[in-house]
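Everything on this sheet refers to the single structure shown next.
Per-chain residue numbering starts at 1, and chain names A, B and C are given in the order in which the chains are listed.
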């Protein structure tokens, strides 16, 4: 049998979890980090190799070596931010996941098409500022990640002012749904042909998660501009009577992806970012088509993963297990996209 | 020795945790689910049997079969909501817990009597709208569960309007205590004759847990009606200097229940739902006399349970362990109410 | 080899965690509790000895016995509150940690000097009420612990009124930074010569963490005075791209402590209490130079500790492990301050 794959990823986002998951499954691991970002990974003995490159732009020069070493790249939320969509598409290293998904995730209009076709409820989107008839609204600038580039507008005047400041940058305008946020961490297993819910989290965002602690008069006086920069995460479980609906939303997303993207559609980890309203409805504001940072809470296990596995199973470890099982079954080719011309 | 009991429950609320606890303790498990609710439980290999019935009204027809199969029903928060108090009282299947508690839990006036006799501090209750002299108040409609049917009123006019809308439905009016909520998960063990605190949680309620993220001017403009629908839970630990008081409140509740309800009073899991004020006082707003959904966070263990047990011990597993130990000691009859005429 | 040390502490704060950590590492444990505080510790079989004293003022009389028994006192956040700084300094029992740190922690001005020298960003401090030019501000009275004695002031008038009420009690005035709080739990290991981040938490404070659930009009009417009394904690993870900076802040704190305090500076557990602003900056509001109560969430392990250890590793257990390892290496003297004249 061919050698065990080495689990590799970029040094950021959820790398610690991905690499630890590999170690826990007995797979070698390797992290590629841009100069200055490597120090963190050198602190941890469970990481086998830290390959430092001057900048992420130098990643492509490393691909041959990574490929030779039998590396499988496990992508996370920073892959496109650091390398760009193109480099991800043409990466000549085994890539865990369906690269066809990248285009559908990067473009908000395509995301919406996918989710709507999957019969997933989303907040109303307004085609133009004049079309807004339900306030407040959230302006999401193109490429916004981790909450930066999200702005709340509550009047036509505020909306107009904010859009002028964007200076030509693309954006979408969504109705702001009042409810509570909940992020569902799915894992679509090709080996077991099933969808698993592994965990759930709530994003910790500054400054909006600090505003509630300010008495109203203080808020009135300092008038803080709300911002949604994600700096952390905390654990959640969902009311059990809503869990089957969460599963079915995930299954519809997977099924629809087969039609839209082709092949096996989306596999591996993905996340539906939801707001739940008092009528017990999910409103999906976004889909992330890879492991999300909220899974970092669960390196040492989660209540949902414990329903499937006897050992603590983070999403990072789940990926490694799937890869290991596929390898043992001679099915690794189904999970790994070897890249153009492979 | 007689065969091991099969742990059975209804498919909702905390069923996954209860059934997983049974599996972890080596006991067979079984879930009864109404059509449409069974799909969730079929996703999990650790569940031995899924018995689907057309509607919960058909549960009683199943009782003979469950009894023959040596099932012990482990009740949870949805048992009364789905089957009604009567069916619970007359259920002819081994029932884990003191059925005498049902009446005291269902009636808010009896709950209050119980807690006050146990010297538990509760928010002031107002006998009528005219008696309200401390605002705001929370109107709780009879039968309200999971936060639905809770309304905040801050002026006499608002209170009057809301009560008119209730259209004859019974209600209580409580002073709304400003503080932070904390739910304590107790387990009264008959086998070990001790009270254990197994975990604690914070309920995640929509939309009130989303209001703080709205800047005050947005709130002023959209004027959202606050709602308290429970959609999830998150973990908490309590300041250690308050832990003994939490234990004593629980012990007084148990002691008082022996006098009021008879026999061994309340045993197994129960929960005191509290608000803590800056003077470090607990204000108990409600008692739940069975496993609560907040324990679902701890399927893979909790910091408090770890102080008693070497393996991860959820409340669901704790119930199964108690049943297994009682069975081994020939004491199962103390825990299980076999039902009328048994 | 000399006998294994007995891990001892005072009955409060994080004692359960410290004592459980000792038990998990195979070390004997012992808790000293003032009358009335001992009951909690008698509930737990894993605690070997509960030594009850009438009042904490009687602690010193016990020191000879504790020393004879080979006890190592593991201090926590209540040690100075219960015994006073002097008793801690002159304690004639093996004391885990550098007693030289006590002075630097107790005095806010020295704390600030230490952190500023370590190039840690802190909120602006105002030397006098007249100097305040950035609102709101937080008044912290000297000796305030656990959030009591913290007051928010948003106008010069409110500030002046509040300061008059302090009646001569010392205080500092800090700019109130709007952001989200995050507490980082460090462990400086002398045995492994490395800094570990073991966990992170968010404090649960009454009533400020309950204010956000009040609709703004209710807040306007009842005008609740914000208070910051800590009653609990919940788990957090930090955005991975900020983790290295968290490590470096901790390392600078340790390095600077060597210069300021002498010897090995600070070792064992400590905590930086931070607020994170939308520009992804840490603002450190305080340093705690021992185990903090937020670590109590992680008795059964944490996602960060799992990156270093294969078994669940709370801070309490980490302390016991360090002590055990040092003892086995004949290095216990480096960790334990035997006290004056030892």
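Definition applied: a contact is a pair of C-beta atoms (placed from the backbone, for glycine too) under 8 Å apart; a residue touches a chain by one contact, two chains touch by 3 or more.
Quantities reported herein were computed from a predicted structural model and do not represent experimental measurements.
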| item | value |
| --- | --- |
| Magnitude of the superposing rotation for chain A and chain B (Cα, nearest 5°) | 120 |
| Shared interface numbering between chain C and chain A [over half = same, under half = different] | different |
| Euclidean distance of C-alpha centroids - chain A vs chain C, Å | 34 |
| Residues within chain B bordering two or more other chains | 205, 209, 211-213, 216, 224, 234-235, 312 |
| Chain C contact footprint on chain A (complex, rising order) | 12-17, 20, 37, 39-40, 43-46, 78, 146, 204-207, 209-218, 221-222, 224, 227, 229-235, 293, 296-300, 312 |
| Residue ranges of chain C in contact with chain A within the complex | 135-136, 152, 154-155, 178-182, 194, 200, 202, 205, 208-209, 211-213, 216, 219-220, 223-224, 226, 234-244, 247, 275-278, 280, 301-308, 312 |
